[in-house]
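Each of the two complexes below includes chain A, the first together with chain B, the second together with chain C.
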Partner chain A sequence: MSETKTAMYICNGCGLGDRLDTDSLGKLAQSEGKCTIVRQHDFLCNRDGVDTIRRDIDDDGVTHVVIAACSRRAKTEAFGFDDVALGRANLREGVIWVRPDTEEARETTQEMAEDYVRMACAEIRYMQRPEGNPNTGDNKRILVVGGGVSGMAAAVEASKAGYEVLLVEKSGELGGWAARLYKRVPNREPFSDPQDTGVEDLVKTVEHDKNITVFLSSVITRTSGAPGQFSVDISAESGTTSTENVGSIIQASGFSNFDAARLPELGFGASADVVDQAGLELLAGKAGDGPITRPSDGKEVASVVFVQCAGQRSDKPGHLPYCSGHCCNTSIKQAMYFKDTNPDVDTLLLYSDLRTPGNGEDFYRSAQRKGVTFTKGQVREVQTANGALVVKFRDMILDDDAEARADLVVLATGQVPNSGIDIEPAAAEDENEGSGVDAASNNNAAVEVPLESVLNLDYRQGPDLPHLRHGFNDSHFICFPYETRRSGIYTCGPVRRPMDIAQALEDATGAALKAIQAVENASLGRAAHPRSGDLSFPSFRKEGCTQCKRCTVECPFGAIDEDEQRYPVFNESRCRRCGTCMGACPVRVIYFESYSVDTVGQQVKAVQMPDETEEKPRFLVLACENDAYPALDMAAQQGLQYSPFVRVVPVRCLGSVNTIWVTDALNSGYDGVMLMGCKKGDEYQCHFVKGSEMAHYRMSKIDDTLQQLQLEVERVETYEVEITDIQRAPKLIDDYVNRVNEIGMNPFKGF
Partner chain B sequence: MTDAVATNETILVVGGGISGLTAALETAECGKNVILIEKNPSVGGRVSQLYKYFPKLCRPSCGQEINYRRLKANKRVRVLTMAEVVNIKGAAGDYTVGVSIRPRYVNENCTSCGACAEVVSAEIDDPFNYNMKKIKAAYLPHNMAYPQRYVLDPSIVGPEEGERAKAACKYDAIELDMQEQALELKAGAIIWATGWKPYDAAKIQPYGYDRFPNVVTSVEFERMMDPFGPTGGRMLRPSDGKEARNIAFIQCAGSRDRNHLKHCSRICCMATLKQSTYLQEQYGDDSEAQATIYYIDIRAIDRFEDFYKKVQADPKVRFVKSKVANITEDRDTHDVFLHGVNTEGYHRYDNTHDLCVLAVGMEPSVRAEQINGNVAGDASGFIEMHEANGAIFGAGCASNALDVNRAVQSATAAALRAIQVVNRVAGAEV
Partner chain C sequence: MSVNTAMIEKYRNDFLKEVEENVEEGHWVKMCMQCGVCSGSCPFGPHWEHPPQEIFMMIRAGKRDEVLGSESMWMCTSCYNCIVRCPRELPITHIMHGLANYAHRLGLAPKMNPTRRFAKIFWDNIAKTGRVNELGLSLNLYFMDGFGSGVKKATAMAGVGVGMLRTKRLNPFALVRHKGVQNPKEFQSLLKKAKEVEDRRKGLAG
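And then the complex of A and B:
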């Protein structure tokens, strides 16, 4: 490794030169900070300033650069030197913008700036430029699990971009449920009639695509590895197993139909003439262009009632609490099967809210034109005595009880995801012993998903992707719909949320993009979302490790396995670089090149601690870089102020906060430590899933330590801060500072 | 962000809202070069104007921060703001796109120090707040604005205010003689993500949006909740600045209506359910605070049902199944009266409210047929997938009325379609 040469560049622009004694900051960087080169510039982010830095790197061998100017969130592109280790001392948003420009404030403002310079120097000393994960795989094949519409579409779309695909289907043929549909809901103008499903064409496309290898009657019996280097066992019904290497995985395991036998009150099972939507598709397929006949006696159907939300949107045990989204359009389509053959067939659709978003509205209007009757009604019972079907319902418009006789009743039942084993309840017990984090509240109780594993991951944290709500393998994030909690494995289609063919095709295409991206990034050693492109990765010093398993248990992404001796095995390509493992490690052996217990810990220690006679307390604020830190930046931009006694350190995630930073701070005289993370709990916003929750838990445990030190527990506080808390965050700081000041100075000062 | 040279392997993304940003980032993170064109001075689109997302009630800027960080870190994306496409020539794999860039009068030297805004006194309507607020004519579009760079409104570019702003800038960032610029860019594929605009509520005459101050749109109401918005984060009536406690929400304002938008805009039910929770946030247990939602069908599709149930359990919210017939107002108090029939049982009503929020529908900002003459669209102007479109792919709300989650999915899919084209181009050139 080449010799380390550190340079600091202090900007005098944006009022920094006026408000601060930058000469003394420079001297400090040289003396205490051990910077070989210290330069000042009136306007560092302009071409000349940036060129100055560039020249020092190119001609003078500078390996470590500290920019003492604005926030790391500002001028990021101008200072985007990616061939050196880079640190930023935030003197603008972090100091002068949050302090009044007055004579009295000058001294404390300068002290703030000096500390940030010391901290930046301390950080850079322990930082290395990330070199990228060397343990990469460059396999670019994509595995698609599931041969329904979603899986086939994902395969075809990935292939069109030039990627090889393995498509594994459990049954003996491609097509899934969609292949059993007579027709589909229209997806283009004029949105007025059912149209061909297109499934046959899609199957042919898959079968003729040289990039796609299809495994029928096969399941995945083992998945190991990481993005770029997964190894999967594909086992056929015949008993043969082949082991294949793939770079990423798309899980398109689809749905099962809700078991209508659970709806005896609606006559299913009691009469063959009560069918679910899938049953009606079969009848329609059998009838072709002719009239649909009823199963019991083959009589032509003259009247049919569609019961929407059958066993759905319901709190009853065994029912589905959610809406399956497609069923209103599907029933409309099915009513048209009758009307298009014989306009005289009575078709009544009983619904509570008719849900035909987008151009479904045209389809709905088309059905009205064709004479389909729509009534807002709550169906209570379908009577089946003597072979005559009577649908009893509450007519919500007339506010009266009503009934309808029918030859056939169609129940619009919902989709149940084939999402594999719910790993949370099992994992929760294990986790609780280590961290005390409550098991994710079990929203899945109402929905029984099939209990076969889809992926059989040999990960320490369970064989399948974690479920979200009601058994679906969806992402928790509105703005990042593909973010599953297992890197390089994406889901699409109705396993994510209930959906129709049109949505599944779109979703599959998106998932294929993510799968391609995963293999491209894995081969370059780069992180996936949300730290996309991050080249740092976790390592650990084996000699210090006590095999406590905390890192393996607490990793939110299942990136760490254990070897036979219970040492952690990092799968770097699965890692999202949040540092939760680093925060968890009680013996502090886990580190990233650019982010470690030292890069933060040494900043904590670098702050100059005034003795108690000076009445200048010091507070450490550890702020989540995605929410709290930007909120403080924006507060500064708005001219809001906060105490000059705080020193803010951005952290990748509150989950990466190692308690040693907190205890060290208190031992070295800080009067308090404040943690600002994002929202935890069921509606968590933490982009590393559990980071904020972990931090809250760990800090609750630190109380014992504080009491042993005879320090007040109020000195350490953890807050949930949103990025929009622009006004609240500074106030939170000031209120906290005032509260601790009332308790008094930390007695450890000066020791 | 860098000055990448555009070739026919470059992907051009038009529109920098959540869909365009997503398409650009997802594409670039697959190793492709991207040019992102945004009409406004900053990217982020309508999502940055949202106070909260449904159903999590989380903050849109949280995800934006991640996206901006991705953008700042990715040298493959070049962002052009205040830019619009004027013409598209060529075919799939080989487009030449004419782009026009309006002058910002502020160059890349800007440090966003704010000195120019301090010396400028002229004010303009703030488009970020749907013109409900005035801002200085030298401005940063909003707190999260990216690029983080000021803009000078053309109205002050001149000898007085303009020169004053220029003199205040120590960094030569203000260029009063900046001219409109015309560019020609090569691109192999184009992702069209120009998003949506709220339906013009004034066209729904019976609701009197253009006549009654206390009839506002859902997008305006959303801005009112922002502490930095026009009412400082409070639900204040436009007529008298008093707190609105008894609020009506009218669903399908313009949507599902052959006289206006014939499609269902999909998001409005959820947006209203979300906005109804703001009453609890604002007024706590104050029993006078009441939201009344006038609806035809509540379309809380798939897992959104959970959120609907939560709102149904809220004593502050009641539901009336009705298409409101018309609105009148009390000339003195400016209270609004909603007239109609509750179709559940056919009861006529004549209800008084402090404020009425119209859940306005979505229409495409740019209609498909306006793009280059041969992009297929549905009757509402949303882009349809069609072979005739060549390598112009609709993404997000340019292609359908979508919520954020679905728009991002759509944008991710569009990214792959574009990549398929440029990969073919690359293969052909090897």
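And then the complex of A and C:
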């Protein structure tokens, strides 16, 4: 790196010039901040202002730019100088907009601004312009695992966008479950009759697509590498294995049917005339347009009872605790198989809550019109004595025991995801112990997920994608539904959550787009979501590393492997740049070019610490840049105010917070440290899945340190803040400041 | 064979079908989705033995005697709250009246139900001459539970009666000379024809 030259640009627009003494800020930047160039501008984000900066970079060799103006979240296009290291001092949302424009407030407001200028100068000294990940791969082929509707649709979508696709299917033919359906729930107006599945056409499209190579009767026996440079072994049943290179992977491994043999009380197994929904599809397919006959004696079915939620939405051991989403529509469709052939067949559908997503409401109405009887009832048992089926149920509306005789009973059982091996089962058990759930009745444990790896990843953290709940693969259900916790690998279809064909098709399209985005980003050495386009990547100083393995264990995305000597191997293309490894590292050897223990640590130290006698406490707020920091920005936009004694430092993720920042802050006299991150746990909102959770865990351990220092534990608090907490966030700050003020000043001031 | 037994024979266990074919707007019953908004909207809600939602469920469950013998449908005051609110747009008020009417025709409606009795008195009154004889109707109502309670009720309303007399809202001679429609014979044959048509349509003839 050539010589560094730092320039600061102070904007006087948006009232900054009126409210602040910008001249003294400039002098500060020059003297304390060591900026070679300091310029002021009345309107920095207009063309003239931007050109001023541009000229300094191009003609004057400025390598480091600090913009002292608005929040780093504002005017990102105007100030998007990606050929220099860029820092921002937030004087608008961070200072003048959160303070009253009064004479009494002037002094503290100016002090706030001065500190933010000092902090920005300190940060930029330890920043480098990110150069982009050097270990890139530019393979743009996409591997799709699973040849069902989701997998085929993903393959076709990716191919249509111009990408080469490898489609691997475990069985001998394409189509999956959908191919075994007689008809599907309608996806077209008027949503009143079952319609053809369309699977045959989809199979044909796949087979005729020159961009798609299909591997039948094959499984993935090894996956290694990173986005843009995956290497996979595809092993065929015949014993041959081929190694292929791909850029990204879509896992569409689908679901297995819940084993109805676990429901003896509903007569499955005791009578051949009790079938599950898949069984009825077979019967309907066999019958074609003719009447459906019952399996036991071939008699035409004159009465049929559908039992919804069979073995699902139930807390009994061995049952599925969740709703599989498609079954109500599927049973309605199957009742129509009977009614459309012969309207005199008695079709009774017993449900506890009828859930018909999509346009299922129209479909439901159509079934009512066709004479399907819907009864809100809970089935107790299906008696099978003497070959006659009697369904005993509780009528929930009439609050009465009732029974129905039937020639055939259909059980609406649920979907069990084919999500591979659960690589974090121990963690799940710990959680349940903590929440007092009896291990024996633990639903997660009771649901048997096939113990067969789908991807056979040779990652340090395990061979498959981590699960979240009930064996479904973890994907960021709010913001990034197809993302998994392994970069460049995306899930779609029922492996992600239970769903029907219509939803699976939509899912497949989404996952295909994400897979394309991943290969494109990887080839440019940039991060995938949520720091999409980020060129920085983690490095470490090997000589300082103690091989403690914390980074490799705690990385939420399994990006870090270990070499033979147990040093971390970062696999930059798999990294999401959250910095959770940096927060984990006890010896602080992990860093990014633009974000490191120093860039934040020096900001913390740069704040001027007033004497105890001045009665001006100082509080450090480490705010997650994804949710908490924008919430504070928006609070500022709305004119909400908070204490002038806080200094807010945005962090990539609370997971990147290294405890050294907190202990340093307390040692240098801060009266309190607030951490603001996202919601953690099963319903997490953390962009990096585990970051917030890790931070909470680490901070729970910091209490011991505080007590050793004879400090009150209240001096470090961790909060969950959502992006919508616009009113709450400033109030949290003020409440915290008041609480710590009651405890008194930090005794370490001035040491 | 009574109409009732004929219907039982005809529909066997399929009460829903019987309702669909014989009760006014009965074909809507199958479209109920059991949300319960009708029951929640009814101003008489807590007083129903079986609110509309339940009635519909009972019809589907084949509880013929309970439904047709119920007091419930007779409770409906035609406020139309349920019709306005039903997400499935069922004409609930009409169905309630249809069910009441059907039960009455089959002779299954509760004999002493006051609404049924009032309706009967009203019908007999108006069907006689084609116009309501208000004085006769009031007296019939007062004395429907016997002489003693009739005198009591009439005495209680005496003030109102006198007031109406004074303002010429009540014709005391209506008891002896009530002016009916111009052509009572034609009116009677009209009623007869209408009943024939309805019976034929509902299969109640004979």
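In this section, the second predicted complex is superposed on the first by the 722 of 751 C-alpha atoms of A that agree within 3 Å, B and C clash if a C-alpha of one lies under 4 Å from a C-alpha of the other, contacts with A are read in each partner's own complex, and residues count from 1 in each chain.
Everything below uses one rule, namely that contacts are C-beta pairs under 8 Å (C-beta built on N, C-alpha and C of every residue); 3 or more make two chains touch, one makes a residue touch a chain.
Remember, predicted model here, so these are calculated numbers, not experimental data.
In the three-chain model built by superposing on chain A, chain B clashes with chain C. In the superposition on chain A, A:A402 contacts chain C only, with no contact to chain B. By the document's definition of touching, of the two partners only chain B reaches A:K679; chain C does not.
By the document's definition of touching, of the two partners only chain B reaches A:C45; chain C does not. By the touch criterion defined above, A:K376 reaches both chain B and chain C. Touch criterion met: A:L354 reaches chain B and chain C at once. When the two complexes are overlaid on their common chain A, residue A:S532 makes contact with chain B while staying clear of chain C. When the two structures are aligned on the shared chain, A:T509 is found in touch with chain B, with no touch to chain C. Contacts of A:H687 after superposition: chain B is touched, whereas chain C is not reached.
In the superposition on chain A, contact of A:Q368 is made with chain C only, not with chain B.
When the two complexes are superposed via chain A, 343-351 is the only one of 1-9, 73-81 or 343-351 in chain B with C-alpha atoms clashing against chain C. Shared contact residues of chain A, touching chain B in one structure and chain C in the other: 354, 365, 376, 397-398. Residues 354, 364-365, 368-369, 371, 373-376, 395, 397-398, 402 of chain A are the ones touching chain C in the complex. On the side of chain A, the complex with chain B involves touching residues 13-15, 43, 45-46, 70, 73-77, 80, 157-158, 160-162, 188-191, 313, 321-325, 353-362, 365, 376, 396-399, 469-470, 472, 474, 477-482, 497-499, 503, 506-507, 509-510, 512-514, 516-517, 520-521, 529-530, 532-533, 626-627, 630, 634, 637-638, 678-679, 683, 685, 687, 722-724, 726-727. Of all residues in chain B, those touching chain A in their complex are 1, 18, 25-26, 29-31, 47, 53, 56-67, 69-70, 72-75, 109, 111-114, 140, 143-144, 148, 170-171, 227-228, 256, 262-264, 266, 297-306, 309, 321, 343-346, 378-380, 384, 400-401, 404-406, 408-413, 415-417, 419-420, 423, 427. On the chain C side of its complex with chain A, the touching residues are 16, 30-31, 33-34, 53-54, 57-58, 60-61, 63, 88.
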